[in-house]
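Following: one structure in structure tokens, then a few remarks.
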């Protein structure tokens, strides 16, 4: 048997627009991954603890409210604190291009803006796993 | 096919009753309407012949049951729709400036966007508000913020729409209190609060309470406003966010 | 391996999580077996519940409330929430924990989602061994939430000390479920969403079916609870009944009996799996299966005669005779 | 409550997407359905109860981050849809809303779009000018028919609250969203500038951003206010609110009004209600 890739799709912050997150979750399932979905309004702490319990390989963060610069890096920091920074974090949502370099610098390994075809996300996961 | 007189008769009846009642009180924008090349534009166009009963049942006339052709007898010949730009960001001060700009540009109604902590009933200093304050709308913690938000905007002159659901009761209370402070009595206030909690559960996720107490709050607002704020629409049922969550037009 | 086991005994969250992946992935079977063997002496303290019932009955929400109450008495709780894998892609969406997410930051609660990965019976192939990991790590309760498809979910009965069957009025399948024998697997019946119309009727229907069953079997103390998970109503009552049911199991020796039966099934299962694996290996060695197919197809050999001979030779080689 | 005592105060909130004719038909069908439901099902007597009045917002999810100026055209089409469909009020989205908060320039263009349709397009000269078009009337009838189908189905489930609780509604929406997205990805559904006619582009630099320090500022204002207000009165009003919440016959509005006048915060008030009412947990459908 080969190892299954497990991915946590999480929505930090307060925005309730989970259409994108759910779409990605469903598409990743169709691509053969095991996807854990947490629902909306998750604190960085809850996301990190969930990721560790579920022993995921990736965390996908989705945020549309504009709080990504504050909340995404917080998830990275908490993972480091728990010695779990081997888990790869990618992000998505309404994120201006000018914010992307800053996010990458802080440890968000890939950022997918609206309109990214799902096959690009899958290709990224396959290359990073 | 020869002309069916019944259509013209019905139309005359509509002009003489439904339309007249309205135009007596609110005349149309212009005495006559025409296209760019001066072809006269009638108030309404109807068939000359065909299935009269089916037409009456399915389409009828504007301002008359079943309202397929519109709810007002003169529609935009009377007055245009309310141009109401949804706006709000950052602090009450910044949003106040934007509202004044929009009113200057010819906007006819205000529509307030609140930030997410406000929409879900948290103060800006709550830990869950981290990163979210002022992001998708204006941050309102207390009546003080509301006073700043409407500073210099006479609340008896503009109609205000607030996109708020779960904490609608609180924000409406602040609005009423600010108006009173401006010297505007509550029965002069016009506007809408988008207060459709079902939508929150279905599509947008800014809910707080379970359905039952939520319905109680809505009913409370209803009863209070029927007595105290007679000009306001207290609920607005939303198809928008459900559509935004991806439903088709039918749903 | 000793290291991983030690960390589990020290309740290291990451070690627990990783070892469950090790069990699930079966990438290294000998490593997995060593781990379980090392943990075995430390197992047997946890109380194992199975929670099953049709989709939409509110299993996760109810579980969420149970966790809340168990935490108030400072019990450590582990949950294994099983969801189906897609038969087409092999992927899965694991969404049960969503309703329990408020416990995500509580260190006394460990929720693990598990995809069935093709395993039938309402649980995953890895569930049994995962229970042992949590048991050894000192969780007071290990709760398995099944997929919830009904009829075929008997395996949860073999894994748990107590099975909670959650039903809900108005799904229209109550009577069907009873006929299909799902009722056989429940120890405690929980009618959730008790404020809905038809809850009382459902209760009397279950009572009726149970009375028929009781007249055939002796000694049964099934109980029926009414709850509303969303309104947080009836939860304490249900828990009291579950606890007292467990005490009676413990006191009259049925618990030990159950657990021995569980071990028996486990041993049989391991033996069959291992022999099956050997058989498969035997059949495929040097592609001899292909040669045999050819022989049988060309009528040069007949199936029974051929295999009796070959297996005889194989066992002799292994010195098994 | 008597239906006529409040139905006239209800208004709807719709959105307008790019499929012009379907959108116009949707609004017309909605009015007809509402009138029928109110008259036949709820026995409303007053005409105002049967009139469906609605506010429209152009479709935020149709805006693309790619080639954002194209959004001006989309919004113009959606504006026409809303106006030809007979909306009572309209919000037009700004071209840059897929990127962030709209700038003043973008907001002005969005407003001008409405003004151009109102004053220059001529569609406001006659009422319901698309009526009688074979296509529009067919679409209106079809949409009405299918909406009735949904309404009946929801009724069978036991009403809207029940249908939401058991996830039916969310699932239907979800499935439609998934299908839509897959059509976009396969290219079957063309989104100009996204899956066809794409260019290499840099995002515009003039995106409006909220200062990250804003929260600190707001927290400062809040703590200052908490020092200045009469905290004894606030506590008393909050206690009154709690008592009122416990009594389901009480109207909460008057006590909330007195509480906000004492500068009780939104969070303080909502927390009391959270404690008394509990919090909703979503039933998620994936």
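Each chain carries a letter (A, B, C and D) given by its place in the written order, and its residues are counted from 1.
Rule of thumb we're sticking to: a residue touches a chain if its C-beta (ideal position, glycine included) is under 8 Å from a C-beta of that chain, and two chains touch if they have at least 3 such contacts.
What you are looking at is a predicted structure, and each value in this text was computed from that prediction instead of being measured.
**Student:** Quick one: point me to the chain whose Cα centre is farthest from that of chain B.
**Tutor:** C
**Student:** Using CA atoms only, can you tell me which chain is the most central one in this structure?
**Tutor:** D
**Student:** Distance-wise, how many Å sit between the C-alpha centres of chain C and chain D, to the nearest whole number?
**Tutor:** Using C-alpha averages as centres, the distance is 45 Å.
**Student:** Taking each chain's centre as its mean C-alpha position, how far apart are chain A and chain D in Å?
**Tutor:** Those two chain centres are 28 Å apart.
**Student:** Could you work out how far the Cα centre of chain A sits from that of chain B, in whole Å?
**Tutor:** The mean C-alpha positions of chain A and chain B differ by 37 Å.
**Student:** Could you please state the distance in Å, as a whole number, between where the Cα atoms of chain A are centred and where those of chain C are centred?
**Tutor:** Each chain's C-alpha centroid was found; their separation is 30 Å.
**Student:** Using the touch rule from the top of the page, what residues of chain A touch 2 or more other chains?
**Tutor:** Residue numbers touching two or more other chains: 19, 25-26, 37, 39-40, 43, 66, 69-70.
**Student:** Send over the residues of chain C in touch with two or more other chains.
**Tutor:** 93, 95, 98, 230-231, in rising order.
**Student:** Could you tell me which residues belong to chain D and also touch two or more other chains?
**Tutor:** 61, 101, 174, 177-178, 181, 210, 278, 282, 284, 286 - these are the residues of chain D that touch more than one other chain.
**Student:** So in the complex, which bits of chain D are touching chain B?
**Tutor:** Touching chain B: residues 1, 5-6, 9-15, 17, 19, 22-23, 26, 28-32, 34-36, 39, 47, 50-53, 55-57, 59-61, 82-83, 86-92, 101-102, 104, 107-108, 110-111, 114-115, 118, 122, 124-129, 131-132, 137, 140-141, 143, 146-147, 150, 160-161, 164-165, 169-170, 172-174, 176-178, 180-181, 208, 210-211, 214-215, 217-219, 221-223, 225, 248, 251-254, 256-257, 259-261, 263-271, 273-274, 276-280, 282 of chain D.
**Student:** Report the residues of chain A in contact with chain B in the complex, numbered from low to high.
**Tutor:** Within the complex, chain A touches chain B at residues 13-19, 40-41, 43, 65-71, 74.
**Student:** Could you list, by residue number, the parts of chain A that touch chain C in their complex?
**Tutor:** 1-4, 6, 25-26, 28-39, 42-43, 45-46, 49-50, 52-55, 82-84
**Student:** Over in the complex, which chain C residues touch chain A? Could you list them?
**Tutor:** Residue positions touching the partner: 13-14, 16-18, 20-21, 24-27, 85-86, 88-95, 97-98, 101, 104-105, 110-113, 115, 117.
**Student:** Given the complex with chain A, which residues does chain B contribute to the contact?
**Tutor:** Counting only chain B, the residues touching chain A are 116-117, 119-120, 122, 127-132, 135-136, 200, 204-207, 244-246.
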